[in-house]
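Next up, some structures in structure tokens.
After this come two complexes, each holding chain A, first together with chain B and then together with chain C.
Right, the complex of A and B next:
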């Protein structure tokens, strides 16, 4: 029982990371109808930025985090300009392929600059954590869960209760109508990319002390986050969060009770199961086209 | 049924002449590349590069089919390549099988894996397929590296055997290379042929407009699964040959990165033609070898190249080259061609005014909205039946239910006495129900005649003479709507009114028993509308049963034998035009309560 609770806690921590990245996927998908296959690489870049700033240069964590977030915002804007914007009037396939190209470029650019050796980032807290009964609450995992909840809450307030948030929502639901109402659609899409790059960056900052910081960390997180958003119901914000948490838990239990080398395969097995049984996911994406 | 036996058209001659020229080029290239490795002594290093290029190109041909023809993404081509390679490796090294048996097994495994992936994910949107193929790639890489007792793990497999032909062992690398090149040419030819075949046209139709493809009679799901499976087969086949060439395989040769390399090759060369695939493969294998200084960052350069190709050269090198050629030497139109007659009367002659379509209590609800509510009516053969009603009255929804795009919430539809309620759009097309769309849905990247041939090749449409017969039928349909002279043009170059006529020709080429027209007059100017009325009158004269939605009362009055009126999803009138148009409910629906009183 104690072990199970411990695994549940760890799983929710890992799941929060998936949920954060999945959220980035969903936001961009809703704004542009495009799946950004470089979403995970935003996390990788955030993690590497922390290593460069706080280890190599030696800046304190707080400042490093602030700089990283600003840098991610800039990267999100550049990404929009270079990878999405020139293709915005084309069908979804060229854009998907373009984001895949961007993912390869980012990963191998970092690889060329930093080499293949995985880096590690020390934890952000003095204390490792504390125990309640048989369960050890690792402070980094607590931070991840806490920041996750905070961001989900802030995002809800932003999209439902601010004019800017509502403009972004309007853009994601109907670009043509939004532009007729005077909403600057291109700017809204730019902001969506900026925000999802920042979300990805935060996920990277949070996960850096837990995982090795490596070039491929982004794509492996992204694949699972993507699986999570399909399981939750693609394009649905609740789905991204629930799917991400669920996948984190399944994976942690699978690794503990079934097999460690195949840990990365569980997410995909769950995904295949969903595609067969309930392809629209938990919260159900509409899968039809209008005549 | 009689086929269209027309004299050989200029169109057919043009095609034949092109084909002859293509054959000569192909033969020259084949002989040159085959003789080269035999005549010129090559170093082992060069042999390896050529073997890699030829086996990779076979896998990239797979992407031509799935991505270029069918428009579906496959990010696991390296996994299928790996399945083929490991089958040959383990088959010959561990289980002492003959190379050919192992190659066949590997290709079959790849086919099964491809079919399984395609069947599970191709019902859904493209991003699911991207995700599922990446997942499959990831799982396969994990299995290759971790199932040490079977795959020998990260160390890889050595001691792979090469085949023998008629007892003659192909041990020498230059001989093996010849084998690979022969395979390359055969597969390349078949893939090129596929692009001009019935199946290939179906794939392209699905790529350009899946919904329209279904309505014209293409089983989109099956077509996509076949394309994906064929792609996997070529991946497995190429991988098997690759393993024989290098005598060593290891898991990292079949990673996701390699899938990306395959994709880049296809995109760079031009994804819609096997020539592009071969060109892209050759460039990306030969260039990095000559640009060795890029080695450290070559994948970053690939990534950058992918973005740049998508932005600046979406059709790839071969595609851009072909486009340039088309611009410099435009295709000769076939104005002077012999246009065969469209054999309409032979097909449409029904017995008297028998009931063709019977709709009873048909409903379609979207959540709480009753878009179509308990509607019943009967369409008799050889009549023009109009469905009218104010905006939002449910006309297009009803048409979508009739053509199978929407599943009805309740009710029954019988066509020629058989229930079609549960049939998919392509199955209804096979029963002889054709339709057009209000917002025109043509296959944008295909020529005018190819658009119409897709209509002609529906299942159940007996056309004598195979492809040539279908081409003649399509030309006849184009002639009927007055567009035969534009047969070879791209549909995107046509005016809006002409695009509408192509859509009608596409439906006519399928020899429909009944034609559903969704606001054919929408967006046409006065002159075009009069031409349309003339065309529809000619069709009626030939006895084709037409079910038409339109707003233009003038058009409806000129054509209709029978009118059904919808308002708020319910049928409010049904009968002969004169009485329906005087019906108080109808006047009220169209002109409002006041006008109704004034008229009364």
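Right, the complex of A and C next:
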């Protein structure tokens, strides 16, 4: 029982990481109808920014986080201008290729600038965590779950209860209609990219103490997050959360009770199952609203 | 001046071409191909590899070069992937001026390149420690590190006879390096009359090791032998293991004590032991290499640098002894290298192409690597 609880906690922790990155996927997908394959690299950039600011330069953790978040917002805006905007009238394929190119550029750019050595970033708390009975609660995982819940809550309030959020939703559902209603579509998409980059950056800051900071850290999370988005449904932010958490729990339990080497296989088996049986994901896409 | 006669022109061209080809063949550089990861998860180790190789090449060049020619390293990125390694090697193999190569430190990538190496028929110095590599009929692979039968024998010998621990768990990556390490360790333990209580594999770049750590905890093992390929994996595993309160003894493969692993895992690896082919306190040659490396690159060397350093030196020695760039002559000369004292140990090549036959045991003493003992096997 103790073991199952430990696995559940870890699974939810890992799942929250996937969910944070998946959320970025879903937001950009809803706004632009394309998948941003550089979403994982936003996390990598955020983590590296923290290492440079807090370890190499030595400024306080909190200030480092603030600067990193601002920097990620700028990167999101530049990403929109450089990677998406010039191709906005093309079909989804060139845009996807463009984001894959950006991903390769970002990874190798950081590699060239910073070198290949993986870095470690201390957690936000002094303590590594605490034990309750047989279960060890890693403080960083607790933080990830907490920040995740907070972000999901804020996001819900923002999209459902503010005018700006509703404008962004309208843009994602029907760009033409939105622009006819006087919503500045380009600005809304710009904001989506900015927000997704910030979200990715926060994910990076949060996972760095657990996964360490390396150039490839983003892409390995992004693959799972992508699967989580499909499982949950690309059209709905709830899908990213449920899909991410489900994936984390399934693969952790599968690894513990069936086979560790096949851990990744469990994640992708779930993905296959959903693609076959419910390709629109748990929550589906709001197709009817688009039609 | 205008040249009117067609004959004179042709003659001039011929002379120029001849001079050119003479320049090329008697060029004062001798190219050595190097396959090294410069991108991907092993990029860090690739930097050490290239720096170690360059340090050796510089020394050799200062001492007059090889057959009177200056060594030039031609480096190709293997992207830390098998297809990348194959591509990198075939690029280098296409250059007819390269008589020999420095290959990968990763067994799985050497396996991937092996068919092309056999086809190319030129010596490749390797660092991959899967014993199979020099025992599968490919006569062009020469190992500048002790192979895993030795690391496994040293791990089990040290754990059973020195630490006096008999309840073993084996944790290994499922790639070629980890799987073969696991097999060799299980075999070495069997010879000591021990059946491991747990053999647990995992795939590289796992983000979470809780299930592995829990399996070790449940097994009740008092000592753990590990073959882990990448440092971030090792770091995550070590941290989670200690968090779950597992106090098992640890005797690991060389990855356990790389600079990066120490930095990433921190206190989680304190008190662990590891077999390592390079340790600066193991011999005067190792000490001298470490000093030179630090002077050149302002950072401490590790195994990824030392094997490449030795590989270039052994290759240069062999080519000089062979007095020829003929692959067969170089091969014979490498196999004839006996008693060469390198940074990793004393090279006595056997007929399989294995240069080293023992390991150092080191301890992680609060983050400092302390030399414990060297265990060498005669066979």
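Brief remarks on what is shown
One rule holds in what follows: the second predicted complex is superposed on the first by the 272 of 291 C-alpha atoms of A that agree within 3 Å, B and C clash if a C-alpha of one lies under 4 Å from a C-alpha of the other, contacts with A are read in each partner's own complex, and residues count from 1 in each chain.
Criterion: a contact is a pair of C-beta atoms (placed from the backbone, for glycine too) under 8 Å apart; a residue touches a chain by one contact, two chains touch by 3 or more.
Not measured: the values here are computed from a predicted model.
Model built by superposing both complexes on chain A: chain B and chain C clash.
With both structures placed on the common chain, the touch criterion links A:161 to neither chain B nor chain C.
Looking at the superposed arrangement, the partner reaching more residues of chain A, out of chain B and chain C, is B. Of the two partner chains placed by superposition, only chain C is touched by A:10; chain B is not.
In the superposition on chain A, contact of A:111 is made with both chain B and chain C.
With both structures placed on the common chain, the touch criterion links A:264 to chain B and to chain C. In the superposition on chain A, contact is made by A:97 with chain B only, not with chain C. Judged by the touch definition given at the top, the superposed model places A:230 against chain B, while chain C stays out of reach. Once the two complexes are laid over each other on the shared chain, residue contacts for A:89 go to neither chain B nor chain C.
The clash between chain B and chain C in the superposition falls on 149-157, which is one of the stretches 5-13, 59-67, 77-85 or 149-157. Judged by the document's definition of touching, chain A residues 108, 111, 261, 264 lie at the interface with chain B and also at the interface with chain C. Residues 29, 35, 37, 82-83, 86-87, 90, 92-98, 100-109, 111-112, 219, 223, 226-227, 230, 234, 261-262, 264-265, 267-268, 271-272, 275-276, 279, 287, 289, 291 of chain A are the ones touching chain B in the complex. Residues of chain C that touch chain A in their complex: 38-41, 43-44, 46-47, 174, 200-203, 205-208, 210-212, 214-215, 218, 231-232, 235-236, 239, 243-245, 260, 263-264, 266. If you check the complex, the residues on chain B that touch chain A are 67, 71, 73, 75, 120-121, 123-128, 130-132, 134-136, 138-139, 142, 146, 210-211, 256-257, 260, 263-264, 267, 296-297, 299-300, 302-307, 310-311, 314, 396, 399-400, 405-406, 437.
Within the complex formed with chain C, the chain A residues making contact are 3, 6-7, 10, 13-14, 17, 108, 111, 115-118, 120, 128-129, 131, 136, 138, 210-212, 214-216, 220-221, 224, 252, 255-256, 260-261, 263-264.
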